[in-house]
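Per-chain numbering from 1; labels A, B, C, D, E and F assigned in written order.
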């Protein structure tokens, strides 16, 4: 399970938070600030781009809360001729209203995208357009249904997410906060996988199982990890806190904290004995390529 | 072409089947049992989850046969504003009704998912939600159209399957029975590819061609093969019966039967001279990672 | 930026073109010929396949120009319950009408598919069904919106393309003419990437960035390059004219012109010092596998 | 109940039909002729009007029988987000296939429109566009469901017909053949009403009940009757064979055969004692206004 | 304004209700009973008719309250491509939740249909299928919006009701409880019209204005009135308590309580001086035709 | 054909118009003013009612001209699963762009509603919500298609208008400018009917034919006529300039100019010999009921 809390400090909160009630209140203020920001951006865009105004009003500006807006948006993205938008809207709104941690997680994920992805223009850009963000929020709801023993509904929703976003996260998988699924197409996360806080995962990443035997059989990704595009991690292995897995790597055994594994099969940059240690938090710094010079003799 | 028949024995068939008419009758009984099972599961889920009941009734419980239910489900999944659900429903129903082998293949695929994927909760779970299962059944219909020289229709349907499921199987490709496309997103199978019986193929797998010259240019996957996530197999190469291709591998030449190829470029586990031999049927056992210890010096 | 123009000569143009006005006129004739060809193919298919006739009439045969037909097709493919088909149709038609280079590029891409992909049966097959072709044409319109400082609209459209086709090309990325995105599922092209003319890119290819720092951080793909399935190229690196990147390769540094890079991490075929030189234009010849024999000791 | 059979002779049948098997065969030939005619008209229109071709192909030209075409057309007209077109298509197709008299009745109604309505340009015009024709055919299916004790389904379908066409015919009402509902908007026909053969009924006509007591309480309209626009007929009264009810009339008591009733309350033209007698069959001649000169002193 | 309360006693309430809190509680019990009845009927029908089960589950059985079910049903009936079902569902659910009198009125209307219309098979039949019932409930919400000075939204919704049900009730019109709009197609009720309790109004009835001058210009229909099909009542005239207006009548001046007006122009049955007096409550007894014998010399 | 031009003077035009070019320019200014007014109203409503803003933006505020906005609105109202909104949008936009008189007529109709209907709150209210206005504008386009000998398309569109709005105007019918169809449900206008300028027609009005003989067989309504709700006018009769037909009247013979006909059968108010003369223009004054006192002995 996620072991640490979201670390970054949100912009409008400068006071020293000494007790939990203040923390909650500050978090609420923070969440409120982000939603106000999203509405403000949407209003600006609606004014400058009439062709988009209808979309912005229906999706964001006509709603009184981030929960309602997100429920509407997901309901319309995931509905089909046999799973109506009204049903899904209701389902999402109930979940977001009953469990405030879903909203906090969404806010943390929005901040993650905004801070880590230089192509992320604004909060509303991520909120409206990032399939990784949307798939992750929808997953959190399937996870809640799963925990409530509503498997058939969770799996039906999971199927829609996999069809619409090409992001396939099993409802039972546990995901922390401040997680960025960048581009996201092709991500597959298995049933017993766990993803910590402040993790960044690129597209085509697989956190897969070991075979047809059930039980705990998928990877555990600790806090602050960065997993590059197309990496495949299989089995109940641990990717230690602050570790980095290079793009296209195939990882079948544990990766120690703060090290970088690359290649197929993956090996540690700097060697097994004295691996190079990441100095920053890769999941936040998103540094995909600085290890090149150390990748043994990688030249062309 | 698929060289062997489905090997597993279905639950309710215990008698000794000595002649073909008995076999057919037994197969029918078996098929009937699976459809009854799907309906029974759907009824149970509809009762426990009213929010899903409408979906379960429209998709499964209102239909009198697996063929009709599957035609409805695929028609609604694959329709668009220019290819109406009624047209597709008609097309699928005609195909399933005219060619009973399509139903048998669907049943065998359902059993494959149920037996090999520990995350597969029930037959109805696979039937409703597995994009690999659905894409494969729809492919079988495009293949039938192709054989009937109805190329334009086959290709239009192929395009819808590729859009909706992100699974791109050329209508001319031949696929056996008891095949599991697990997760399935990103699978690409070329025009002259052949996939045998009891094969399991993970997501992002490519069975691709060699270039712009036509003719027989795609891989031949024999019975019982397991191909791991993200593996790329190019050209008219043969992956021998019971062989295994590791996740992320790039294979451009033949892989002998019952061996395991891993890496980029792929090499045989145990070495070219005395490769380790798989003792089970990888396509059925789905063992993705047991070869690690033998992967030369793979440690981190 | 793309450095050379489309090189092939279109079938009906045989005269010697000595000046630019003749060239333009010839190009127009060429474009007209392709559109006439598409209509003729569609008419033939509508006659032979009544089940498809409605689709062919609504998508192709009822339209008076390729621009209108393409706008209709993209509008219906990309619309959603909150972004209506009429809005998108209008948007596409305005773009295609205002900027004739968009039509020329579409024609060049159609020719590329027809010439390079042996599975491409006809122009109309590509026009109707190739998600890579359609995603690319829609991308060109998002790119135009981006250049007109209409970011929010460009990004909303980008999001729909990524959802519907699982092809994620940032609106700011620049793409030449005669480009083939074959199969296309899972392609990701970052904000500052540039793709030249006559390039062929297979599915699951990533042209990604280096991290969270903005600026020019994505690959530059020069004319005539071929990038195999699942290749990952990261950072502001240059893949030189006529180079080839093998399937599944991970490339983090420059690849010299006319060489072939394969593996993870990628290395030059023939070695760094005296790499083998491609004699044809890989982006056009689409030769994926001929380098095998030279791939050091690649045997199984 | 309808007391006579369709009287007109269809164009291509000129032979003397002496026995029932010949009659059936002739009727089949006749039906076949009408369907061929509809297809031929649709083909002509598709050629001359490309904008309509897609509609004509999907609705008529892609279908192999009138039953299938009509089922498709009604399914798409009457479907809603909670009653899917595939369900309705199936329902209609089953009914039309199981009960050939439904097709005969449809053919007879088509002929009625073609012969009696000078604005009816062609069979396909009526088949595609006449809401009275379509509502009547859909009613026949609800009536069949009613007779099969499938009340809830009959009533749900009845509700859709009333919403979509503003034509409200209770599923239990019995309707003969060769019936023309001209314009049809606002027609209301109650539960125990009976309409004979070769009747013509204009829009806004009510065949209503007497109050809240159940039982046989609606009008009986005998063969060949013409009921003008906006006429209201209430109670278990008989409108005799060949009678005519003027536009806007209110009729609460029996109207003798071959007489004309006009006004509010309706009276017989020519007077109660020696009413004028219609010489033709008003339901076929459609003469709405020739009685004016006899309407006592009707001048302005 | 409606002057009396709903008079009938609901089935399960037999105790003597002496004070208002008991009345309210009894009313709640009553409402609960009707909703339970609707669900029970729907469950029975879903079991006997699998083809309808999906519809019954989505519309009734998956909802936890009549308000939610009605909001869903109206949202799906009235939505369009530019007014989404989720928006309307939200709007209706908010209104029904905020104002419990809307639910009471719906219950009273359901009882009215059940008691007065012999063709009304069950509560669920009316709830699902009666366009008059549905249009009236949707009207009550437009009326609430109107009172909240949300004119543009009220009028947009009004427009959808008029399109979908062909029932055109101005949002400002005031309507009592226990009202039956039977068949309902073509009903027009103007801005300043008032309809009392226990009124029954047939289809094509107009409560219209006097011209282009604003102000109070539409009819006032008092409690217990019955208005026959196609009757037109124009101007600020009063139709007294327990009066009856015959089908097809045109009424431009007041009708005294408990009298019956028929004809064009309407006159009192029995004569102006000593008009016959209705002994029952016509709006409840629904006796449309018993006055015939007294209609001066109405014979044919 | 309409014999006089629109008579009212639009607000912003005060100058003396002496020649036709000034007239045209003034008309254009007038049209521009109305469109600006509609946008201004919509903007105000979008600001005050966020729930409606999306609808207002998509329908009005995102469009650059009344023609485009109306084409979009009609396209979305009239589309179906087999007649796509993009097709209809294109069709309407082409018609409105090619024939500026369609825009002028729409503007004149908007003014008519605004001036004559006290319930008409604003131009945008009529533009968005009046089914009579919308049906009439769509009819004008069917009429244009009819004149261009595109009968099948005109009739298909006519059928959609009749389904969606319950307004059934034959494409061949000719309609002037400044026409108000108030409420409009149930209006039927036959093939050879002609309606002049500044006419007002209430709901359920029929301008019907005489029977099954073709030719000129429908009413001619001259300028300034008012036809009350439910009136039925049959045959090739002339309703003279400035005449009035009372609600529920049945008219089968000519009505002289400036007289009022009422009843079934209709008679002139004031008697045939010396009928009362209307002093205003009834089509504009909309006085429905002032003749009561003169209606012979109409009392109750």
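Heads up, the rule we're going with is that a residue touches a chain if its C-beta (ideal position, glycine included) is under 8 Å from a C-beta of that chain, and two chains touch if they have at least 3 such contacts.
Every value quoted in this text rests on a predicted model; they were computed, and no experiment measured them.
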| item | value |
| --- | --- |
| Neighbouring chains common to subunit A and subunit D, by label | B, C, E, F |
| Contact-richer chain pair (by C-beta pairs counted) among B-E and E-F | E-F |
| Intercentroid distance (Cα basis), subunit E paired with subunit A, Å | 51 |
| Cα-centroid distance, subunit B relative to subunit C, in whole angstrom | 30 |
| Centroid spacing, where centroids are CA-atom means, of subunit C and subunit E in whole angstrom | 60 |
| Per-residue multi-chain contacts in subunit F, two or more chains | 51, 54-55, 58, 62, 76, 81-82, 84-85, 87, 166, 185-186, 204, 230, 248-249, 264 |
| In the complex, subunit C residues that touch subunit D | 46, 50-51, 53-55, 57-58, 61-62 |
| Interfacial residue positions of subunit B with respect to subunit A in the complex | 45, 48-49, 51-52, 54-56, 58-59, 76-77, 79, 85, 115-119, 121, 125, 128-131, 164-166, 183, 185-186, 202-204, 228-230, 246-249, 262-264, 284-290, 292, 295, 298-300 |
| Complex contacts: residues of subunit F adjacent to subunit D | 80-83, 87, 91, 150-153, 155-156, 158-159, 162-163, 166, 168, 170, 185-186, 188, 190-191, 204, 206, 208-215, 217, 230, 232, 234-235, 248-256, 259, 261, 264-268, 272 |
| Parts of subunit C lying in touch with subunit E, wherever the complex brings them together | 81-82, 84 |
| Subunit B-touching residues of subunit D, taken from the complex the two chains share | 58, 62, 72, 75-76, 82, 84-87, 89-90 |
